[in-house]
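So, here come the structures, one by one.
Here chain A shows up in two complexes: once beside chain B, once beside chain C.
Our next item is the complex of A and B:
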């Protein structure tokens, strides 16, 4: 049972990863990659301010997208889990899956129609006398795209984790003089912590590596890390340098994921 | 049931014609009863009888559909549970797994805005009382079943309420621990002098701890009384059957001569002496019970008469044994005898015996 799984992991995960690490030490001469053991690519990327700017920008996008999405998802998830009948809940969960039927790229393209200077939103705003705002090709545009990407998934994950919140705990809190809103903060959120943190983690990972929203809604300039990777590969076959950026992204996500899961499962008391 | 309409200072809770419906389903039929200040009251019945719903209405977790509930003289219909002082101990205990033992106990003090230092002090007093102070900083998942029980009690009692509600809190414990916790609860209630309302399906729990017991069935209160009263004088055949301690004989009232009533049963006519205010006409269905320890066993060949029944089984209960008989019409009859008496009879299962009793041992009750 575990042997085919092991094979799968080695062939399709570990081997490409090792290859990616190996390439990061290669050199490119005359647009040709040559195997090497050279630290120059690492040095080149990690000493450049433009890389760190992109790194911090990507971090901010992903963090804001994860937190903001989680925040606006929670009231919806709470209502779906606690206020709807079982039957309505099934329908709502079904509806939340529908967005995944359409390609994310198509959704982003249609968002351009909404966000562009002469787009639907600005047209509506001008009707009520509010001056047009630049939304497309701004960080705001990027964030709208990222939130659209993450929101249905975050709601679904939150709904599932809220479904496992022991209803007795909610009643016990009420019985112990804890009002409704306070119970949400004191009992329901801590009870569903694992799911809420993992939902936010998913949003972070999706946003951190996303290429579509920063490019088509954010304009691609200044770049995020994933845009930087494509830029580097396009200019002069610099796959080794691109793999340095990719490895930096992977290690960042590993650290963040590890920390988030550690936080999600931490226990109180000795 | 006759109820006094005034609320005396002895009464802490009054259910006045309370009805609870969930949609078309009637969970609790019209119910009126009082709970006395400082008593240990058990509400007992099988699952779905409405006992938990009754408790939840008292806690403010459900609102009655009709009727009124008074708590300490105040009508509490529609008053949210967080505005009442009716802490409850849940069957699942409902301890907060994301808080430590002490934080669990402090919870309701925190909700009342008690300062951090005082909160800790008061919580520790209760942890000490419940003998779990050493676990104060532990996580709930590291405690045993009995220790969790004590945390749940401390958490509910830390605000020193006048009444404590318990919803089958011992059902998850093993038999040995259950008996120990019963003693803890019993002593606690006596020491604190506050009212305990304890919902259970277990007769041994209800009868060993409670001052008074309410027996419920299908949303109806069948009987309220002390364990003694209910045990010896069940109000109807349902209660008698539910307790399972006595043998029930159903029949028809055929003759009334003063205090000597004749009931015709499948085994012949029996003279019984009704107690209380039973108003029955001849021809009406009537039953009597004979408890297991009041039945005599004789050889079938003896001239004792009585019911001839076959011994089908034997169960050891400490110094005595419960012997099971089956009559010709398939009714099971339980008899309790000492091992000594059974030995004298040369008792053996599979043999027929004659079963007799004194008419004074019969308790007359209506069929339900």
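Our next item is the complex of A and C:
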């Protein structure tokens, strides 16, 4: 019973990831990969300014997207959890699940139509006399795409964690004449901290690895790490170098994930 | 000052929620509208109503090939992922063993690995074992990515099961396999069907890993990626709208099965 899944995941999930580590030490000769134990790929990638520029750019995009999405999401999650009737809440949650089953590519293509210079938003803006703004192929475009990608998931995770906030605590805060904003910041947010941090972490992971928004809404130039991987992979046999980039991404994500989880479960008041 | 309701705050919170939902659905609804619009690059005011883009994809043989690849892969993946997921969910429900956390991590982690990295790892690995470029390689990769979803859905259902049911069946002389067949699987049937539909929907939409490993056996989402790289093509909207409708139908089936488990499990 337990074995089929174990075999499948070891053979087709763990093995490819371990293989990725192995080929990062291989060499490419005459367009063929050869097994080797060579640090050249690592040296080549890690000494390049292009790589570190992309690394920092990707970090900034992912951080901004995670924070921004969390900030936009929280009032919405708060409204869903505390202000809606049970029936409306179910409907809103159902609405928020729908985007997971739409193609992200199609949504990004649609956003291109909205954001381009001659697109819908600029057409509307010009009607009220605001001059055309460049939105497509800018970092702003990337950010819009990343927020579209992450927002439903972040709201759902926040709603889930707000569901566990003890309503008596909120009531008690009110009775003790704790102000509304203070109740939210000092009672509700700390109680739901784990969920809020995990939601932001997921937004970070999604944005960090996404290549569609940076490429088709941000213009792809200068590249992010994911764009680098697709470029290197599709343009030839330099898979060892692409795997170095991939491994750097995985290690970064592991560090961020551990830090976030540690922060989420930290004892209160320390 | 501490009244529980302040109309201004209440209203602005609700408006914010509506704005968030509008923001999420704008591109989705936009895509529907654009797919029925005659303009190659729609703007305000919108052009005339037209089914031109649907006719173009209907007549495009490559779209059909992509469609059949997608369906073929989706059906097989749904079956594999549901079987694997059921095994995993039952293991988690029933057994306690050394290293269970490692087992669960292996089972559930794939969706958290960025798709480009999965794609690259799969491509490198599968081409080494000479499986890359076949439809099989997409099935293998999607099996890895979809089984956690199946496992989560089935595990949820198992947690609603009375733990005494299994014991009762053994006491009545049912073997482990008979219990599995006549007690557990019937109890899980709605979740199993839901898992089939959901994993199929996930596989239908996945493009990145499929793009890396599929070679010439492109699925429809990989096709869309190709269109995106080329010139502006509103055909994307038409394909996307149809794909969305089929996914939604799958989800509604799954939802109905999860909601009314008693009606479907006789």
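To be clear about the criterion, the second predicted complex is superposed on the first by the 257 of 270 C-alpha atoms of A that agree within 3 Å, B and C clash if a C-alpha of one lies under 4 Å from a C-alpha of the other, contacts with A are read in each partner's own complex, and residues count from 1 in each chain.
As a convention for this text, a residue touches a chain if its C-beta (ideal position, glycine included) is under 8 Å from a C-beta of that chain, and two chains touch if they have at least 3 such contacts.
If you're wondering where the values come from, they're calculated on a predicted model, not measured in any experiment.
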*Between chain B (first) and chain C (second), which does A:182 come into contact with in this model arrangement: first, second, both, or neither?*
first
*Of chain B and chain C, which one contacts the greater number of residues in chain A?*
C
*If you stack the two complexes on chain A, which partner ends up touching A:169: first (chain B), second (chain C), both, or neither?*
first
*Answer with first, second, both or neither: which of chain B and chain C does A:20 touch in the superposed model?*
second
*Of the partners chain B and chain C, which touch A:87 in the superposed model: first, second, both, neither?*
neither
_Applying the document's definition of touch, where does A:193 land relative to chain B and chain C: first, second, both, or neither?_
first
*Regarding the shared-chain residue A:29, is it in contact with chain B (first), chain C (second), both, or neither?*
neither
*Overlap of the chain B and chain C footprints on chain A, residue-wise?*
174, 177-179
*Within the complex, which stretch of chain A touches chain B?*
166, 168-169, 171-179, 182, 187, 190-191, 193, 267-270
*Which chain A residues qualify as touching chain C in the complex?*
1-6, 8-10, 12-17, 19-20, 23, 72-73, 75-76, 78-80, 83, 92, 94-99, 101-111, 113-114, 116, 118-120, 123-124, 127, 147-148, 151-152, 155, 174, 177-180, 202, 205, 208-212, 216, 226, 229-230, 233, 239, 242-243, 246, 249-250, 253
*Touching chain A in the complex: which residues of chain B?*
59-61, 80-82, 86-88, 90, 92, 94, 96-101, 103, 107-108, 111-112, 137-142, 155-156
_Give the list of chain C residues in touch with chain A in this complex._
1-2, 4, 6, 9-10, 13-14, 16-17, 20-21, 23-28, 30-31, 34, 41-44, 80, 83-85, 87-88, 90-91, 95, 103, 106-107, 109-110, 112-126, 128, 140-141, 143-144, 147, 151, 201, 205, 207-208, 212, 221, 224-225, 228, 236-237, 239-241, 243-244, 247-248, 250-251, 255
